[in-house]
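Heads up, the next two complexes both have subunit A, just with different partners, subunit B and then subunit C.
And now, the complex of A and B:
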């Protein structure tokens, strides 16, 4: 048993050395790409002063939720984050969530559509998605940190993995749930496959897909905060370092900012799902 | 910049609680530590092989041969990786917190199923609890119970309650009315109706809730390795922070094994319920 443990550790170290020696350019490329995306989004968010961003967020919430109260609450929530002196951290958390969600959705929406159209792919994906969802999210940081090192890229990769399953599942579900009468109607009127997909299947699937987007976003948010431990920056790292130095006041502030931001994101995307 | 910090107001309150209610928190800590120590000792009193055989035997009767082989493999893997003690510590924390979470969520869930007003009052609280990232739960627990296993258990209990409560309410609301009326017609006491009619009818949904509760608790316990909860989570954290990837990977895989064991065992029991 002892032998197995040492042999295992040696093998892992050797494999990692080999990878970092021979495939460094691949991981450097991935890292540069991810950090570029993150930096770009963060640059956009930090371009305007906090009041402009807050008002914009409030306008979006107002339009989406169709209630001026929600818009005002959103503006207040954002201003509150600024007032606690956590504006930069809040924006970098938001940039991480957005970057991770964009990548996760870019992969999982097409995958979900394919799985919805092809029962065989769906059956092949199910155990993989089950496994991803069974494992505690924390451990996805391990392989990511081994290959990409500390920083936002690691946080992004782990977050993308965690955020994908709900979007794949709910997209496939939505596509599969098209009422048979409408598919038959399509066949009867002789639409092309592309029209069938865009005009009949997709519109029926939109509520389910939006529910998947909401779930993905919330999973991404949870993971981004955890990823503070690998130096992702943002509110997660603020909390992590505040807990380690027992700075209670600061950790409470950051926790409040996280809760406030979660609420805003969740409510906006949820009503987006309901509005359609 | 003129900052506010709600944390700076709350921190003295936490200090005050710690100063004035210290005996109470110390008592809670001691009770939890004692229960946990007892369960851990029970899991570790048998040699690993003995416990593996015992669990496999229990799994065979609860869920069938396939699950029994799977659980033997999972536990065998934990033993092989040289993390047996850590695995048992993690398992003990999960068992204690799931038991307490169920003890709180089950009666509350039944109450909410009986009274619409209770359900309406609970729903927004559960909504908030389920959207907030798990990290945030650790902060108040750490502030009051400092570092160690007790804050981990407290945070895990709080995190595990919402899914169990929701599904308990759903399960008891889904019991067919004619069954309940039948019970009243033959003059059964409310207690008899609850345990002999409603509980068996609600069991499949309750087991789904239990499965969710167990998996979320495991995720939280692993995360709590960050605040010194010990067990496999601590090993992962050590691997992450010291860059000992072999150790981290072994601990990560042991967590996967434990997650698979708990998930398949509770799902296997559920499938047997459905078939019966």
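And now, the complex of A and C:
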């Protein structure tokens, strides 16, 4: 039995080595692509000074939540992050979350739609999603670090994997749960299959899809912090290095900044979901 | 409208069956091969027969009611008419074309242009305004925005909702929502409208109002309609002809008067027992034929043969006469006495013989 396990482990190691030796150009390409996206978003966020970004965030919160109070609270929260001396880290975490969520949603929304329309695909996906969600999230860092190395690209890949399941599930659910009387209305009116999707199924699915987007974003936040271990940069890395040097005060500062950022993004996307 | 048009059959539903269940193909073979009935099919194959050997014809310009209690198969039957449900057996033609033989595009075209449908649940799209809902059928057909909105406005005007165009369905009462449902069906200008218990969820006052408006509108626009209901009063108020369904079988088809005066079986008789005859029963069904009348008919007040009991009571109480002579095409055909009227009100089919 022990021999068998050793043999299996060696096979896995060999496979990884083979991949890094022979498919390095693919992983270099992926890495360049991911880091390019991350750098681009971060460059945008750091383009303006902190007060401009804070006010902009406040305006968005005000518009979306339709409450001036929410706007002011957002501005204050962002300024607080700057005041703690964590502005660059906060923006870098935000860039990671946005980059990972964009990739995760670009994959999971179409996948969710297909799963909603095709029960067999839905059944095939279910165990995969279950697996992703039951594994401890830092597991995904290991193969990623082997293939992509230390840095934000690894953090992004692991975050994308963790962020996908809620969006896939809730999108599929929303598409599947169109009230039957509206399906009947569509048929009786003579809609084409494309019209059935765009004019009937999709509008009813929007709230569920937006809830999925919100959940994915929250998962991405959690993972981005864990990914501090692999040198993701941002608040996660700040916390990780603070823990290693037992700098408790610093780690609490960074934790507060994470909570602030999470709350702002959560409330804004939740209001977006409700607005529809 | 010429005579031939008036009797043109728009929907012809010939011996249609619908069998639900996993073993329905076997059950169908048993029905065609061995002539099994509903009960045997359920026992042998575990299949439920939703509609059993139903034949109806809907003619141009008429409102055809299908009346039955829940589980009688009426909702299944109406869905067989536009192939929302595929028939297991039998044939349905719409304007002479077999809808089972249509390909997907032709079927869509037929549903979009020729058969509108109004649902009990109304099914207004909540994200759209009243106007956008009413224009939905034309939107699906690819009609431009201005044109479809104009058509939708005309339809909303007809149902009295001209001022509510920009509102959302959730802002409307149940009755108003169903008016929008009707307007949506009218906007595409179909010849036939299928009404699936449209007024069942409304309160009685609104329901009566909508029944009258619906009948008036359908007649004014020259549409034909198939109207499903579980309420015999509603069927009588709205329908030119009524089919009564029970357990998937059409028990009787006829005008309200035919059904009330000559119920096909005890089930129908029990159903019509509580129905007021005042406006249903006409002079010609309760009169004593002139040949059997002993007295002098010529001196009596006159009425036409399709005057109803309510009108006859009015005439008798006003003139003080005990009997009224019934006139048809300018000559006397019979006499209605107070005795005949009383029997007619009670609904005895053989009032004439009494």
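One rule holds in what follows: the second predicted complex is superposed on the first by the 263 of 276 C-alpha atoms of A that agree within 3 Å, B and C clash if a C-alpha of one lies under 4 Å from a C-alpha of the other, contacts with A are read in each partner's own complex, and residues count from 1 in each chain.
The rule we apply is simple: a contact is a pair of C-beta atoms (placed from the backbone, for glycine too) under 8 Å apart; a residue touches a chain by one contact, two chains touch by 3 or more.
Note that the coordinates shown come from a computational prediction; the quantities given were computed from them, not determined experimentally.
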Fit or clash for subunit B plus subunit C once both are placed on subunit A?
fit
Partner chain(s) touched by A:174 [first = subunit B, second = subunit C, both, neither]
neither
Would you check which partner chain A:116 touches, where first means subunit B only, second means subunit C only, and both and neither mean what they say?
neither
Between subunit B (first) and subunit C (second), which does A:187 come into contact with in this model arrangement: first, second, both, or neither?
second
Could you say whether A:236 touches subunit B, subunit C, both of them, or neither, answering first, second, both or neither?
first
Scan A:259 for contacts with subunit B and subunit C and give back first, second, both or neither.
first
After superposing on the shared chain, does subunit C or subunit B touch more subunit A residues?
B
Is A:195 contacted by the first partner subunit B, the second partner subunit C, both or neither?
second
Using only CA atoms and the superposition described at the top, report the least gap between subunit B and subunit C in Å.
25
Find the residues of subunit A that appear in the contact set with subunit B and again in the contact set with subunit C.
none
Using the touch rule from the top, collect the residues of subunit A that touch subunit B in their complex.
1-2, 4-5, 8-13, 16, 83-85, 134-139, 141-143, 145-146, 218, 221-222, 225-226, 228-230, 236, 239-240, 243, 248-253, 255-256, 258-259, 262-263, 266
Where on subunit C is subunit A touching in the complex?
82, 84, 107-113, 115-117, 119, 121, 123, 125, 127, 136-137, 139-141, 188, 194
Within the complex, subunit C is touched by subunit A residues 179, 181-182, 184-185, 187-192, 195, 199-200, 203, 276
Interface with subunit A, subunit B side, in the complex: residues 1, 3-8, 10-11, 14, 79-82, 128, 131-136, 138-139, 142-143, 215, 218-219, 222-223, 225-227, 233, 236-237, 239-241, 244-250, 252, 255-256, 259-260, 263
